[in-house]
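Two complexes are shown next, each including subunit A; its partner changes from subunit B in the first to subunit C in the second.
Let's turn to the complex of A and B:
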């Protein structure tokens, strides 16, 4: 880790002697609390992008300053203000989670001379409503991350009616929208939605209220919440098939212990990042990641992947304008807006009118490996997923912001 | 005279400091100091350590957000000369209500009951969408414009906070000497004797909590203007602990210690990540807090006063 930093700075220093100004990038990630492991991986992603260009762009040394947020919007805003006002950064890269993204989007309107590039935050309204001219997202939102799953559940798995169990805040609302917009359009129904508080440990009231006549349950819970719900559902004798959200079925839940895991075999889920994907670009990315960080995960997480894409976009656009950030970044933002590049998942990343990414998405399925452990494999890749999920943008906006009751198809 | 020595340099700070230091460090410390002051007031004069101060501050802050300009289209926009008194009133009333609930408990039980109220308030704001907009909360909250100048601009916000801090300090020392303030201290020392004199014990306790609600609400309003947002995170477990830490390192027995504690806390919180590896900065914060608690058990204020006393003694002629 430290060796790598040393290498980056030496490379950067040798380049700096050549010419020009330093360009400071302020990185905001979660380095404390529950998400610290993810946040550290996010930073690896950004560092990989800087390593790709060997620490400088057109003779301009790239300097990275990082700040921690604890996941709350307040600390993300405080971190951004410190980076801008004290460290004098030109570009902000981050944040990691949804509400932080909304907060930084609002903040970006107060700093027109700084360019904000989103990390892995995936709230829909960050770019869809009240978007900000200097806030860019080279990635999708929670709804884009579910594209393909509703269709697969209805047409391939034959589910006609699905109950929803999800955490009660904006990210799961958006995930439910992504699932339901396809599933309901195909003819499926969602008779009942259960919203539970984050960190809930007792799901018995939900488990026994799930209607008997549904074909499956869409579970959009993260981490320990998912383990708790699935364990209690299994213990109560539940046997409906599961459909997972983007954060529900990750490697940590697949590697946890318990008989509930048999419920998961065959469960589909939507995700922008799949560790085992066999695309050539992805395999190259995994190799760069594991070579530079032998002690990290076996493949980049969703966070490393998204921070890598964000940092790559920042650097590619800098290269295009030869490091020229004059005139309140006018030329730089023009370059960002028109950028188009190949991402590790093999697709072409570009932005829509709201500066939100048009992205690749995966439908995955849990399968049992020969040694009895569980893994995720790719069922299909959906390319060119737009923020309006392929619908007419006007009509999509007219549906209104997501909430507990929107969308609805009982 | 003694106070002039402290206040005059503070008045000159806007000339000396850049916007970052003025707003992110000084103003933030003053605001946190006011909220921590509401805790050290209760601790010193009533002998109760309350964990509900973040909730009281939140009551003031949420009122300003709900009745002010915000970008989430919830609430009714009222002119600031109505919304500010309303926020102060609701924070005071909420403080009084908490006092009413907690009036029979002492020591560890008072801590538990106020902690329960604080956490219940946090979960309520997170789950309620009609008044608090749940998880996301309010964003885009703008401070009032007076004569074309936004109170959020660095210098006006700093002076507002400084003025509020000075007034809060004066209120605390005035209130402590008033008949009600004396009754509060009597309840702290000997509730049995107070009752024997025919004075109700509940009234002073509720009054003390209501007064601390007023202080916390003042800090809460300034905090919403400073952050330009408020959400369930602003009243969660993190802020509850932060306020306690500030009051403890400043010295729970000294109201003015709250501000010293706040400066130290804000500096650590802002710069620790620059001083050590980004994976270890919380260790540094924890270590410094631990050292303060070990070497200055009565807080930094006591340390400063001891130091000053020593200097004075050294200056005296020795013959």
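Let's turn to the complex of A and C:
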């Protein structure tokens, strides 16, 4: 009985110690397995945004609670539930990976009193179809991240036929759509697509199934998967040029160790984040990043960049409403919806009708720096990329949800 | 047709890698009845140490040996320091080994970070050669895998069948209590077997990190493949591990090549079938 009393009083004490003005943000990222390194960098991005405001907004202390998922939708949902129900967070920031985003979008509908701000997850349907009123994405989807690449591959590099190797889930589907919608419209063909399970380590049979008559391979694999595929392709004597997806050519891959990297030199890719971009805002962001995290990458990865933008949006909107989250966040969500701010890439971030970001995108190329390390350099910046990729929104929606077979242009 | 042969060859080389990874696991289970869930972590430790040593010395063979020794030492410590205290209580040992595996994986994440590593191959193994008849390029390292597996399998078979130590281990498999009663220092033998299993895992780790790559998560991937391999082949027999690896490797590659989306299903379908028809594994002996 005494123990019970003690437990109750401890609970009461800890409840009282959190003052009414504290605002709790629950961060969901992947800190285990394949994406752990990306997930750690995502956390750095969110921390940088909080450092920007020195930990408080209009006198309200910002408290961050982080939870790890393993990249699967159910762990992301479990993490969100724990953050909401046990930690009592007001805002969820995350998740990192594509299908997790779809799951949290669905979950957000059953927690109308919590605001969800997407981290870096970039599946198309998170916001395009069945969007949720309290789920915001201050960033693009995987298709927006590929804008400019299909065009560049066809017109500038002269590739007429490209094979696709990608992981079998929502984010790569979206990336492939972004690439194919331009590439096919320009007149290119994609004779074959290989969808492989996430975390697959042996790609040798895929390597040999790639048709000999394609001009290049579009690779949309993340983390260790990309390293494994490229290595095995190299070892088997493959020599087709590579076109990279946004996570295939991310800084975390370029800084991995191994001989596979020479395959990537000269490879074009689409990405919302370029380490070596020389814009003034970006350089300032890189400086803040490297000063605070000297042991991290040489520049923020796509994940740090997106969690930074998400956290910045969350804090800017909080500032606008003076930390007032009453009335089920009504004023706060209004502020989020109408938010417009300058992002590290120099463009202006704002939301469309589905609460999805209108973003900057880059076409990049991998090059060897003087010290032998690899970096990305910018070939082209495309500003104001909408979720319908500049096409008529109605017609774009009518093409149907992305899948293994949609789009198709064999 | 060429594609079919290539996929078969891929299956054989993958099977070789799975056999290397599973042999230590099977050995430990064979004698001690411990399902060592830290096996994947030992393998990953070997891979990471191998990477660091190759990076430092530039010699791949030294890296393989160092990876093997590091995992052997870790295996011996695990048995002497933790599992040895729970002798005879296999369930507790298995649970403790899960804990050890998680702790080891986190420590490695802390030390080596989460990026993907690849061990630089020596000149002779890097690159590829043109296969006769099929006329396609094939990676040398993958062909070498078959050689490594044959040498390891043969050495393990000779050790277990032809040496005095092997005879003691086999006796231990059949009747642990009798062996103890005859005055053999069974605790020391257990530590030795664990070290040997760890060494096999560690060397397999370096080889896996060279042929494929190593990153957080590699441990679970190889633990799972080892489990499936020994369940299909039969726990505790070298031949069983080889047969299991062959089936799993081929199934995985045919799956990936002909039905990529359902590739994983084949592997587990084989496991379910074996468990339903022959629960002790294809070459395993039934428990009395």
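One rule holds in what follows: the second predicted complex is superposed on the first by the 370 of 410 C-alpha atoms of A that agree within 3 Å, B and C clash if a C-alpha of one lies under 4 Å from a C-alpha of the other, contacts with A are read in each partner's own complex, and residues count from 1 in each chain.
One rule holds in what follows: contacts are C-beta pairs under 8 Å (C-beta built on N, C-alpha and C of every residue); 3 or more make two chains touch, one makes a residue touch a chain.
Small disclaimer: the values here were computed from a predicted structure and weren't measured.
Asks: Taking the superposition as given, does A:168 touch the first partner, subunit B, the second, subunit C, both, or neither?
Replies: A:168: touches subunit B and subunit C.
Asks: In the superposed arrangement, which partner chain does A:133 touch: subunit B (first), subunit C (second), both, or neither?
Replies: After superposing on A, A:133 lies clear of both subunit B and subunit C.
Asks: One more residue to check, A:204. First (subunit B), second (subunit C), both or neither?
Replies: second
Asks: Which partner, subunit B or subunit C, touches the larger number of subunit A residues?
Replies: So, of the two partners, C touches more residues of subunit A.
Asks: Output check: A:252 vs subunit B and subunit C. Expected answer is one of first, second, both, neither. What do you get?
Replies: In the superposition, A:252 contacts subunit C only.
Asks: Determine, under the contact definition given at the top, whether A:68 touches first (subunit B), second (subunit C), both, or neither.
Replies: It touches subunit B, and subunit C stays clear.
Asks: Scan A:232 for contacts with subunit B and subunit C and give back first, second, both or neither.
Replies: After superposition on chain A, A:232 lies in contact with subunit C alone.
Asks: Tell me which partner A:37 touches in the superposition: subunit B (first), subunit C (second), both or neither.
Replies: In the superposed model, A:37 contacts subunit C only, not subunit B.
Asks: Based on the superposed arrangement, let me know which partner A:194 touches: subunit B (first), subunit C (second), both, or neither?
Replies: Touch partner of A:194: subunit C, not subunit B.
Asks: In the superposed arrangement, what residues of subunit A touch both subunit B and subunit C?
Replies: Of subunit A, residues 32, 40, 168, 197, 404 contact subunit B in one complex and subunit C in the other.
Asks: Mind pulling up the subunit C residues that touch subunit A in the complex?
Replies: 3, 6-7, 10, 13-14, 51, 55, 109, 113-118, 120-121, 126-128, 130, 136-142, 212-213, 215-218, 220-221, 252-253, 256-257, 260-261, 263-264
Asks: Taking the touch rule as given, give the residues of subunit A at its contact with subunit C in the complex, in rising order.
Replies: 32-34, 36-38, 40, 168, 194-197, 199-206, 208-209, 223-224, 227-228, 231-232, 235-238, 252-253, 255-260, 404
Asks: Subunit B touches which residues of subunit A in the complex?
Replies: By the definition above, subunit A touches subunit B via 31-32, 40, 43, 66-68, 70, 72-74, 77-78, 81-82, 85-86, 99, 102-103, 106-107, 130, 168-170, 197, 403-404.
Asks: Would you tell me which residues of subunit B are touching subunit A in their complex?
Replies: So the residues of subunit B in touch with subunit A come to 18-20, 23-24, 71, 123, 126-127, 129, 134-137, 139-140, 227-229, 231, 233-234, 236, 238, 270, 273, 278-279, 281-282.
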